[in-house]
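Down below are the structures I want you to see.
Shared between the two complexes below is chain A, which has chain B as its partner in the first and chain C in the second.
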Partner chain A sequence: MKPTFLPVWRTLASIDRRIIYLLLTIVVVLPLIIHPKIKVRVSEPVRAAFESIEKLPQNSVVMISIDFDPSSAPEVQPMLIAILRHCFKKNLKVILTGQLALGLPLGEIALNQVSGEYNKVYGRDYVNIGYRPGSTALMVGIGREIRDFFKTDYRGVPLDSFEFMRRVHNYHDIALLVTLAHGAVADAWIQYAGARFNQKIIVGCTGVNAPNMYQYLSAQQITGLIGGLQGASEYETLVEKPGAATLGMPAQSTAHALLIILLIIGNIGFILSKKKI
Partner chain B sequence: MSSDLIGTWLAATLTLAIFSFLYRDNPLYRAAEHVYVGISAGFAVIYAWAFDVYPMLVESFKVHLGAKNYFEAYILIIPALLGVAMLLRSIPKLTWISRWPISFTIGIGAGLGLIAAIQGYLLPQIFDTLRPLININNAIIYIGVITTLTYFYFSREHKGLTGTVARIGIIFIMVAFGASFGYTVMARVSLLIGRFYFLFHDWLPLIR
Partner chain C sequence: MLYRTGPLILVFGTALLLIIAFFIPHKPFGDLEARFLNWYAIISGFTFLLGLDSLARHHLIKIVRREKGWFYSLLLVTSLFGTLFWGLYSWIRYASPFALNAPFMWLYKFMIIPLQATMFATLAFFIFSAAYRAFRVRNLAATLLLIAACMVMLGNVPIGSSIWAGISWLIHQIFPNTNLEILKRWELFAAAKDWLMAIPQAAAGRGIGIGLALGGIAMSLRIILGIERTYLSS
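Let's look at the complex of A and B:
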């Protein structure tokens, strides 16, 4: 007897990609509009990153390096906002810099948004020293004197005109370095600033980069890791201020479920078609 | 109409233009792609001038000259010349001059990179791998490292014991690829969520 189910599976194994795009759009958009509540479980690497900031005494200096650009902003920008909220809540001093020219405006947007929430003042509580090319030489050079590369902030105001910056000269004066990266810049910070100057570092990175960062976490070369949108939502949970990442997680889950279903259907269809041949 | 509103509409239009590629390649998509490349390049040039060339070369030269620090002022001519030499790559007859700044850059990169690779990567990772065999996790790390290294050992044919160990190495490599791919899928879906969030939150206020 001729099996009737085989052509159906064969069809499912070769669904038009545009139908898959449409399904993906539906499963992403619907949770964003309905926004069902889901419980976010905080993982150890993210908790370790949170604790690294939490344990810092007041007025400690945290340097945040914007090492991502708009192409990774949906994943990394929520981390930046959550970390800034944490730093300002703890009354830490923030130095913003960056290794990617296209990323600096994103840092500026986040600073403007979060500093207003906590009544923080530019120059007194935070500065933006901007961008300089030559990342690895710069990372080594900051170990000697930050002014060799950044004499002024991004507006051209001398660093020494800011009170807290007068005591910042090199990594000894920076309690924690936060690199928010979408590429190999995080590796460079770890290998140059971390290994050479024992700079304490936490990494926030895209999902693509996260697996490569676990080896540094395991070797204690970094003290915490925030990976992808999931990591960002965990950090938002810890600072008790849900944002774009937490809102995006239900959509992330439904999209993953759809992809798993499609993978199973596609593989079953492929196996059954092969058997028939 | 405020500049924010114009910016949002422009960004939304460009996003939809890029999304239109999902159906098929079209002029709207290509226009958006070229706009992105052009703006990124222009932005990088302005940043390089405003945050690098002007403050660290032009302004520094003026300041040192004004303070009669002639050595600090005139030594800046060397990087300036190297920078100009790099630009000569675009002139076929003078391309050879650009090899000097390139060799300078490669020398610095290799010197810095070698130290970082050993001090910041190889040694810490070796130390972390050499763990006491007191639990199952450490044993898995040992097995994973040894079998994977065996897979990449090509001086001996992968037969017999070497072949068996190399095949176990493949399993570890596949698990690593799987984890990496899973994270990549999550990352790409996150980008899609980010764009839809923008469209339905900033452009069409459907998300509160």
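Let's look at the complex of A and C:
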């Protein structure tokens, strides 16, 4: 006997996509307008990333690589701002670089915003060495001498004119590498700088990429992981300075909840529409 | 003859030197590796020019021939060279296109960032709709995938903690002997998400990663030994 479909259940199993889009818009926009208060639970990978920076002695050098572009900025930029705040609060020296030319201005914007909050001075406390083509060659090359690829900063000022940069030559002089990535660049840093030169690395990446990083985390090839907007909000919680990520979490929460509700409704409709009467 | 064997010898020799340099990072091999890396960086820089040439040529031809969609090509070419112009101007006038007061930065802040963010944000709608249609309890594997996805989704956002707090309260009401505080601290969704990500997911990811690496080694060996010659168009 052929299964008989009940129209109501069938409707639940195939809600028009325009209704779904509308519902999603509402559940994302409303929390962004209302700003409900939420409590963020800090996960172990993010705490480990925080501790990696927290344990560094003053004046240690942290290299931050901007390996994302504006498409991922809503997720990754809050991480950059939170990490910069942490570094400047701890009086660490920051070198900013990037593997994506279109990502570097985001780094410059963040540096400009955060350095002012902590009275940090360009050249004394941080340097932006910019972008050079070369990708993996550059990652390996820095293991030998950073000046082989970056003779000057992004404005063409020689690196040796900055006091703290005079003692930075290769990975031995960089206490921690932070890669903020939206693609496979983080893998490349781990495989070239981490595996070959034992560089300590923490990764900040989009939520989509975060699962790929867990294998490196459990193998201790990276010392911390900040994944997606949730990871960024956790880091903001740890540096006690809620920002864009914490503001965005209620919207993400409601969106996830809506999807789960839709999945439940859709599956009830799917099961019942297959039932024989 | 040399047209075919020349590149093969070049590839084999270069690869051999790089492998030796990797395992013996002392003079003269260490210096050789540094030189090769510099060449690589220079060549990869020139690939941008190659891309620019290819893109511009393709779209200029479309505009000249008034092919279908030529107007979009015109927009692309205008945007491409407009960006290039403002980048060069900012470089000359402000020492870097990324200087905060440079015109390129204005273009970046008010055009590139919103456009790229919008493109990426639009994906959320499609993924949302696709997830609703794809996650169906068709069989055991699909059901497990659905449960895991829901656990990760709930464990990844603060609302998961709130829902678990509600469930804990409910359990406490049904079984008054249970300790509500301990139940709340257990955070089922977050704990399940952490476990799923760190153990089964990472195990599968590691397997895929090892497979990819072995495939990469095999392909590299085929290229080094001249078995794989597709890069010679043969």
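As a convention for this text, the second predicted complex is superposed on the first by the 269 of 277 C-alpha atoms of A that agree within 3 Å, B and C clash if a C-alpha of one lies under 4 Å from a C-alpha of the other, contacts with A are read in each partner's own complex, and residues count from 1 in each chain.
One rule holds in what follows: a residue touches a chain if its C-beta (ideal position, glycine included) is under 8 Å from a C-beta of that chain, and two chains touch if they have at least 3 such contacts.
Computed from a predicted model, the values in this text were never measured in an experiment.
By the touch criterion defined above, A:230 lies against chain B and chain C together after alignment on the C-alpha atoms of chain A. Of the two partner chains, neither chain B nor chain C is touched by A:161. In the superposition on chain A, contact of A:256 is made with both chain B and chain C. Once the two complexes are laid over each other on the shared chain, residue contacts for A:152 go to chain B alone; chain C is not touched.
Within the superposed three-chain model, A:207 lies in touch with chain B and with chain C [touch as defined at top]. Of the two partner chains, chain B is the only one that A:195 touches; chain C does not reach it. Using the contact criterion defined above for the overlaid structures, shared-chain residue A:132 touches chain B and also reaches chain C.
In the superposition on chain A, contact is made by A:266 with chain C only, not with chain B.
Once chain A of one complex is fitted onto chain A of the other, the partner contacts of A:39 are limited to chain C, with no touch recorded for chain B. When the two complexes are laid over each other on chain A, chain A has residues 21, 24, 71-74, 102, 104, 130, 132-133, 137, 140, 154, 156, 207, 210-212, 215, 218-219, 228, 230, 252, 255-256, 259 in contact with both chain B and chain C. The part of chain B that touches chain A in the complex is made up of residues 22-23, 40, 43-44, 47-48, 51-52, 55-56, 108-109, 112-113, 115-117, 119-121, 124-125, 127-128, 176, 179-180, 183-187, 189-197, 200, 206-207.
Within the complex, the chain A residues that touch chain B are 18, 21, 24-25, 28-29, 32-33, 35, 71-75, 101-102, 104, 130-133, 136-137, 140, 151-152, 154, 156, 187-188, 190-192, 194-196, 206-208, 210-212, 215, 218-221, 227-230, 244, 247-248, 251-252, 255-256, 259. Residues 30, 33-34, 36-38, 40-41, 44-45, 47-48, 95-96, 98-100, 105, 108-109, 112-113, 115-117, 119-121, 124-125, 128-129, 131-133, 135-137, 146, 150, 153-154, 156-161, 187, 190, 194, 197-198, 201-202, 205-206, 209 of chain C are the ones that touch chain A when the two sit in their complex.
Chain A meets chain C in the complex at residues 14-15, 17, 20-21, 24, 38-41, 43-44, 69-74, 102, 104-106, 108-109, 112, 128, 130, 132-135, 137-138, 140-141, 144-145, 148-149, 154-156, 207, 210-212, 214-215, 217-219, 228, 230, 249-250, 252-257, 259-260, 262-263, 266-267, 270-271.
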